[in-house]
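Each of the next two complexes has chain A plus one more chain, namely chain B in the first and chain C in the second.
Take a look at the complex of A and B:
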């Protein structure tokens, strides 16, 4: 079951992915939600920064870390904040981002399409699972939310190659499977 | 002891116990040598051994009296399946037309990674052994000169890690073809400078042209006086070792620095090598083109496999270039080159991300850092100390052996005594 809110937040993540596409970046986007409110968003910036680690998740996380500490929050308080946050991202977090999200102790992650080659939430590694040996508390994870839309954006990017080519209209049918 | 004994390659696969290598069951049958060619040709069509490419289809035994006995693998036999019921119909036909009598035998599941493994494997059933085909310097051993240089760079990393009262992880990214440091970083988990302005990119980082000084003596690390040993160091601040430690920080730091739980040394060094790239090559158009080869490409359709090949070809090409420049022009005095000529030198050989670069880390990286180094296309990783609880290059995971990833680096451990981390207060 996908709640209507889940779709609303994923729609916002997709909008972030579109911003990435417009900027000739791999179209992946995300939003971070606390208490039903979007508190940060991010999109892929690997081309602009020439830093292949600047994934959407990392961009959004950095915004929060800076903001919260500017507001005087201690690390204990920051940890508490993250444990109350949900991430909505158009593509399954990669191994790096999944590991980062576990390190931050995020509450849960909702993603669109799965990431067959780099996925860290079940596709290649399962870093969202609790692991007592390493003290990883893991996080809840659900995929397949508006996966079609996420894939269409990625195909637009890779298949057309030409950034000026017309983008397909946003499909209205939602095919959430979780 | 020579220096090259101090550098161990960490292979893609965990080492198997030589005498207990994993096996799988197969149906095999002895065949008449006269029909061998026909049968094997037919078998390759109707029952190819997809996951057992290292296993030879035919076993040849010379019996007493010089008579030759040939056996052939028909297909995989599934667990607890001693019947031929599940054998595909076309194979059933072949069995009956040549009047074969199938039996179950075992073959080794994985390709041998060493000659010793291969010799053991052939006791079950012959396999083929191909020593590593891709060519990365060091996998087959380091020259004395190269290992000297590896030890020196590792020493810089250790010095960086211990340069402040608290020991943290440190990273040094190096262009091995020029023996040049590209960027250096310490963990910034507890000392994050949030300044993002490009002007913040310190000039000192650019003077990264400092080639390692010749005064550094790699042997020094190995001959530390035992008087240092009693200093018991705490490694609680090493990001990759204790990624969850950050949340224990009680009060807001007094300094202008913030905390950033994810700013492990490897991540920071990647960031600073990217900043260096942007600074040296401000308007590089080709980078846009190249960055299309990004890490979500797996999600696209068939075109992705083509792109993948292009990436591989590029990487291989770069490796060759590096090997050449390494032998032809041993640039020893980079410090004499001024920034301008350095830039123009680099222009001709501007690498894509960190392609062709090595990274030296004091501790084996965690999963986040190891994957970041895949993304940034690092060529070789050297680390001194393993990370038993969260290490991703052999300890807990082994990303260098994850076949699905689009880039694979070679991983080495540099054997240093732990005392290398203990500074003498003299």
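Take a look at the complex of A and C:
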């Protein structure tokens, strides 16, 4: 699964996560690829928007679907295009994002580190698996791609202390070392 | 749970669903209530936006959070305000929306008919239940409120034939009767 192209696209997702880190956001980034080309990118913007649902995936999805709407694509054309898309994201999609991706019918998802608290692609729930009971068609999914880079970015963020967490889960770095 | 106020707010959610029906959208509507007052409303806009994630709940959430952002509220203030909010929606939130509502930390959710295909509040998954493994704080939830009205609207839509479904699941009404 980790072809050279996979690594190239994941590197672009990591660049998005770095932009998020620079903006004091939880550093998660993604790109959406169609026919071997990046057609959208997104990064976590929960702090900037004060909206805890504005994860990287939702940002990239909305950019793309708004563009297709402006281009006058029908619902069927949008669904067909999305079914040819791959998502590369630095962290396993959460339950909300995994459900959104399944609803939209994405072809496949490649992610970096797993999301042990909210992961929707195996860690907490397995929304990528086909489920006839819920009519979820699922999507192909592979994790652990450049996971170390993704984790380093997240650790960098949390070691600084998340300034937006109501109650920090761990002591701030400068407090811990003084 | 079904106090007079509950029915009044659900009636307003049904009015939103009727607006969606008039716009040839799957008729689901909602309102968000804070301190006994409606502060946001939303209706399904998946067809208009060509975005299958634009459910009524996501519409109402985004209106509200954008407004609070413009008003300069901090992340903590937004979280506190949302924890005092109740959602009234004509159909059980799907897995994506239920997860979003749990992430945002809504106080409680009142819904009309259940969502047997994608419901995230008991029908398929129970994302409203507190789960220490996933750190999901959950939210209070009550269903079956004015469910008949919600179902009638959905039946009206599907009996007309969903013009946006790639392959209609059932014959169009005028085809079935001719």
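The rule is simple: the second predicted complex is superposed on the first by the 160 of 178 C-alpha atoms of A that agree within 3 Å, B and C clash if a C-alpha of one lies under 4 Å from a C-alpha of the other, contacts with A are read in each partner's own complex, and residues count from 1 in each chain.
Methods note: a residue touches a chain if its C-beta (ideal position, glycine included) is under 8 Å from a C-beta of that chain, and two chains touch if they have at least 3 such contacts.
None of these values were measured; they are calculated from a predicted model.
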item: Touching partner for A:8 - first (chain B), second (chain C), both, neither; value: neither
item: Which superposed partner A:151 touches (first chain B, second chain C, both, neither); value: first
item: Which of chain B and chain C A:38 touches, first, second, both or neither; value: neither
item: Touching partner for A:19 - first (chain B), second (chain C), both, neither; value: neither
item: Touched partner set for A:69, first chain B, second chain C, both or neither; value: both
item: In the superposition, chain B vs chain C on chain A residues touched; value: B
item: Doubly contacted chain A residues - partners chain C and chain B; value: 46-47, 49-53, 58, 61-62, 65-66, 69, 73-76, 78-79, 94-96, 99-100, 103-104, 117-118, 120, 124-125, 127, 133-136
item: Contact footprint of chain B on chain A as seen in their complex; value: 24, 26, 28, 44, 46-47, 49-53, 58, 61-62, 65-66, 69, 72-76, 78-79, 91, 94-96, 99-100, 103-105, 113, 115-118, 120, 124-125, 127, 133-136, 151, 154-155, 157-159, 161
item: Touching residues on chain C, where the partner in the complex is chain A; value: 46-47, 49-53, 58, 61-62, 65-66, 68-69, 73-76, 78-79, 94-96, 99-100, 103-104, 117-118, 120, 124-125, 127, 133-136, 164, 166
item: Chain A contact footprint on chain B (complex, rising order); value: 192, 194, 243-244, 246-252, 258-262, 267, 270-271, 274, 277-278, 287-288, 291-292, 294-301, 303-304, 307, 353, 366-369, 371-372, 374-377, 389-390, 396-397, 399, 402, 404-406
